[in-house]
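Listed after this line are the structures, all set down as structure tokens.
You will see two complexes here that share subunit A, one where it goes with subunit B and one where it goes with subunit C.
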Partner chain A sequence: MPVLNAKALTVERSGQQVLKDVSFSMQQGQVHALLGGNGAGKSTTLLTFLGFLTPVSGSAHVQGRAVSENVSAARQAIAYLPEAATLYGHLNAYENLRYFLSLAKTDTDRRALDAALDRVALQAEAREMRMQTYSKGMRQKVAIAMAILRETPILLLDEPTAGLDPAAIDDFNRLVRDLAEAGRTVLLVTHDVYGACHVADRIHLLHKGELVGSFDRPSGMDRIDTEAVHAAFAAHAA
Partner chain B sequence: MSRILTIAHAEWRLWLRSRLAFGALLITALLLTSTSVVTALRMSEAHHARIHQQAVAEATFLSQPDRHPHRMVHYGHYVFRVPPPLSVIDPGVDSVTGQSMFLEGHRQNTAMFADARASAELGGFEDLTTALAYQLFLPLLLIAIGHGLIIREREETTLVPLLAQGVTGTELYAGKGIALVGLSLALLLPLAVMCAVAVGRGAAPLASAGVIGLYALYLLVWCSLILLVSSVARSRSLALGILALVWLGTALIIPRIGVESASSLIPVPGKIETDLNMQAELRAVGDGHNASAPEFRQLQADLLAQYDVTRVEDLPVNFRGVVARAAEADLTEVMNRHAEERMALEAGQARFAASFGWLSPVLAVAAGSRALSGTDLATHHRFLREAEVVRFDFVQGLNRVHVEQLAYGDDINRNIDAEASKRTRMSAENWNVLDEFTFRPAAATERLARASTPAAMLFAWLLMLAAIGALAARRVQP
Partner chain C sequence: MTGSFRELRFLAKDRAALLWLGIAVLVAGLSVFLGLREVAAQRTVLNELIEVDRAERDVLRGLHQDWGDVAYYTFHLTHDSPSDFAFAALGQRDTSPWKHHIRALALEGQIYETDAENPDFALIGRFDFAFAASMLAPLLLILLLHDLRSRERAAGRYELLGATAASRGSPWFVRAVLRVGALTLCLLVPLWAAGLLVGTGAAKLALASLVVALHIGFWWGFCAFVDRFGWSSPVNLTALIGAWLALAVVVPAAIESSVETAVPVPEGGEVMLTQREAVNDAWDLPKSATMEPFVERHPEWADYTQVGQSFEWKWYYAFQQVGDQIVEPLSRAYREGRIRRDRLAGTLAWLAPPALSTRALQAIAGTSMADSLAYEQRVRDFHAALRGYYYPRLFRDEVVSDASLGQRPEFPVVGK
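The block that comes next holds the complex of A and B.
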């Protein structure tokens, strides 16, 4: 049974079709990347899996169940990192994590919080500071830490590496592979071709709401062929 | 449930950390404390002053020397409306109606202001009462702090992560609601303290509890309105604008319209106009000082027949006193009829203006608060009626002395015969016909009953806003 399944998704926003007949599915432990230019419909796809948008035709399934049937079950199963992750500026990293995790009914102690913040390499001295003093990359790290602390079987990450420095991006890519090896299913949105090729088992290329190509990591290889993806991406951008 | 409380708790933490919210809270706390202290001091001073003035007036009356009883009728007496204990919260009509009255024979005077110097001393600040602070300023504070409750999460894009944790719109709405209601309840604390103090000074516990309940209901109405606007408005500034307009409308415009339309639809003639209208009827009664006036011929004939004598000099009672007594009774009947008509008009006007409470919770709470505090128009009317009873009783008491103890012969010769004049001076012991006057507002149950319509208005508002809110909550979307 696929963990995530998009069946001929067609989604409208403000009367415009922004997803057209999009289908793909993911098995447990896989990492997929949605790649595409601005406005291609990548974020829209994630929002549809979370039930924030309802398809006009087709359906989104989480763990075999249609999202429209049980939105809260879908949200319970998914840790979601929104695009431009926003947390509360007047709270510090611990307080933000505790607040959102308690709303998700996830118990966490201080040690678990620190372990997650260690994994995203957030400086220890910043953790007690209000997040309004954080840089974009630091905020992004806390948001990633929150996604992994949820300990959900599925992670939907919208441009998780935005604002991260190259070293942090490497850390992040390793983290995603670790999560997948631990059996978690990760769908991430990016327009970073290089990063996607390194971390994903499969890349879906989205253009103007339509899936225009997909690229698999050949078995035995540690990454997808960057050149081919680049060429396809550039062809559509032109 | 725990999620709802978590959300409420997070909101309180935000308020404590936000300089704006914290500052607003602090200013309000100061405002509430200072107005409460000022109102309490003023009303308790008025309370003591009027009790004292009442005692002085009674002592002065009783200490008058031996006199002709009719001179005492004209000497007159004062009564004071002592403000009830709960007036420390809501002085109500106290500052616009008179609180004292000069009582004398043959006239019903207008109520006068007992303490004219108070307002000069406080430089107008006395208009800001605890009741007004709660009715007008607390909603402003709740608006300032609460208008962004839900729209803020949307504008700062924290709504998506919130809902992505599985929080439902209803849970979010309820959590934010509890946060604001909790704040409102905390802000009721100064009021509760004032009520407790008032109970200590003899206020009815039932009425005091009613005051707290009424204001709690009122603040709940504002909380649900603020929450609703915050969840449906497209931006924070729009929410603030809408709420500010609602405040203006309910606090200033609708009350104004209510008063204006009440006074144009139900005009109440002024006291002078009423008195002029009454003049003809009063003249028909006759002048009680003139026993030979034609209006009293029938009375004279009846009395002579009753005692089987032919001359008034032979009557066992003083005919001049009998005439004074009869004239007073007839005059009073006319004056009371006109006074009741006037009060009925005033009450109708007040009722009409109060019916605008269906449109403005501010009007509703104001009416309920005055009724419960015992400072509404109905209470003032009660004072007028009770004062009239005192007036009539002491005048007729003096007239009875005139009738029964003063010889008719001495009475008619008092201006030509010094000895007779001396004999018309009745002993000062007779001045104890005066009853002690202590004004008390209506019983607590009666005041609660009078406040039930305003409370129903607020309840209707709350129900409506909560019902719309429940629908809006389910549609909270990023």
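The block that comes next holds the complex of A and C.
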């Protein structure tokens, strides 16, 4: 049974079709990347899995169940990292994590918080500071830490590496692979071709709401063929 | 429960919310303080007057041998003591007289003497608790609630919050409840403290608290309604402040002016002047012009209407009464007009919750127009009792005695 399944999704926003007949499915432990230019419909796809948008035709399924049937079951199974996530600026990292984890009824002690923040390599001295003093990359790290602390079977990550420096991106890619190996299913949105090729088992290329290409990691290889993805991306961008 | 605790901690770190709540405490505290001070000042004035009033009558005892002189020189203090809740809503105590010096002469001029420049009708009065709770509290609530969701949307957190909470109780309702509850408490705690201080009845405090809570509830509902459109914070704020301006300022002003147009009422000063002219004219009229209308009202004195001298006290008091009789229709129109205006304003106030809340608090405080008119009626009743006391003594030319003076009516003090 696919953990995430998009069946001929067609979604409208403000009367415009922003997803057209998009289908793909993910098995447990897989990492997929949605790749595409601005406005291609990547974020829209995630929001549809979370039940914030309802497809005009087709359906989104989470753990075998239509999202429209039980939105909260879908949301409970998913840790979501929104695009350009800004947590509360007037709270520090711990307070932000505790607030959102409490919202999800996840009990977490300080050690677990620190362990997660260690995993995303957020400087210890910054953790007690209000997040409005953070750089974009530091904010992004806390948001990633939060997604892993949720301990949900599924992670939907919208441009998780935006604002991260190259070293942090490498850390993040390793983290995602670790999560997948531990059995979590990760759908991430990016326009970083190189990163996507390294972390994903499969890349879906979206263009103007349509799936225009899929690229699999060949078995035995450690990454998807970057050249081919680049070429396809560039062809559509032109 | 853990959700409420989480949101309470969240609220405790929200500086903007704390600022508005702090302002609410200050505004409520200041309004209550000013109200207490005003009522204390009114009580001090009354207590002094009550003492002087009694002392004066004691001094006069035995000074005059003639009932005409006694009635002419003896003043009686009539007063409407502030209730134990008047501090919260000064209402008519601010605009209508609550004390008079009454003697057995023509009454109308004495009652409306103070009325000449006082407005006799106002929906929104001075800075008291009623003003704070009815006019300012909605503004603070708007500031607390207008961006509850919109600021999360603007920050890109809206979906994150919804997705994270799933069905386990979204934070919106708890956040709103805590803000609304905190604001209500910030307003009511100073009120309760003042109530304890001056010994306000628990029922009055409970009722007033209910009025405040209902009024805030109305604005909460309104904020929730505007919230449904999913506008941005500035648009929400503009819409809500606009509604506040309409309901707290424009509609009450429109009600006031339309009530004034719809129900014409003569001036209190006109009543006074007409009566005084009638009394002044009486000096130059034939005695019968006074005694005839007087006897019409008091047939029991028909056998005592002979006035042989150029001046006789019974004639003097008779023309005082006839002065009142002449102005009676005007005076009645004035009173009934005020009652009709008040009733109409009361009905129309349902269009403007701040005005409605103000009126409700004034009703609890005993400072409404109805209370003011009830006091006026007590003055009239007392004056009638005075006349009833003096007339037999004047007309029968009785001898002034201590025993007889002991029977003179006193203005009854009504507890509120």
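Keep this in mind: the second predicted complex is superposed on the first by the 238 of 238 C-alpha atoms of A that agree within 3 Å, B and C clash if a C-alpha of one lies under 4 Å from a C-alpha of the other, contacts with A are read in each partner's own complex, and residues count from 1 in each chain.
Convention: a residue touches a chain if its C-beta (ideal position, glycine included) is under 8 Å from a C-beta of that chain, and two chains touch if they have at least 3 such contacts.
Since we're looking at a predicted model, the values are computed, not measured.
Visitor: For the three-chain model obtained by superposing on subunit A, do subunit B and subunit C clash or fit?
Guide: Subunit B/subunit C on subunit A - steric clash.
Visitor: Comparing subunit B against subunit C, which has contacts with more of the residues in subunit A?
Guide: Between subunit B and subunit C, the winner on subunit A residue contacts is C.
Visitor: May I ask you to decide whether A:S214 touches subunit B, subunit C, both, or neither, giving the answer as first, second, both or neither?
Guide: It touches nothing on subunit B or subunit C.
Visitor: Applying the document's definition of touch, where does A:T226 land relative to subunit B and subunit C: first, second, both, or neither?
Guide: In the superposition, A:T226 touches no partner, neither subunit B nor subunit C.
Visitor: Return first, second, both or neither, reflecting whether A:T10 touches subunit B, subunit C, both chains, or no partner chain.
Guide: In the superposition, A:T10 touches no partner, neither subunit B nor subunit C.
Visitor: Just to be sure I read the superposition right, which of the two partners does A:S59 touch: subunit B = first, subunit C = second, or both, or neither?
Guide: neither
Visitor: Name the contact category of A:S68: first (subunit B only), second (subunit C only), both, or neither.
Guide: Touch status of A:S68: no partner.
Visitor: Tell me which partner A:I78 touches in the superposition: subunit B (first), subunit C (second), both or neither.
Guide: both
Visitor: Give me the intersection of subunit A's contacts with subunit B and its contacts with subunit C, in residue numbers.
Guide: In the superposed arrangement, which is not itself an observed complex, subunit A uses residues 50, 52, 72, 75-76, 78, 80, 82, 84-88, 90-91, 99-100, 102-105 for both subunit B and subunit C.
Visitor: Within their complex, state which residues of subunit A touch subunit C.
Guide: Touch residues, subunit A against subunit C: 47, 50, 52, 71-73, 75-76, 78, 80-88, 90-91, 95, 99-100, 102-105, 150.
Visitor: What residues of subunit C sit close enough to touch subunit A in their complex?
Guide: Those residues of subunit C that touch subunit A are 2-3, 6, 10, 13-15, 155-157, 159-168, 171.
Visitor: Across the complex, what residues on subunit B touch subunit A?
Guide: On the subunit B side, the touching residues are 2-3, 6-7, 10, 13-14, 17-18, 156-158, 160-168, 477-478.
Visitor: Which subunit A residues qualify as touching subunit B in the complex?
Guide: Residues in contact with subunit B: 50, 52, 72, 75-76, 78, 80, 82, 84-88, 90-91, 99-105.
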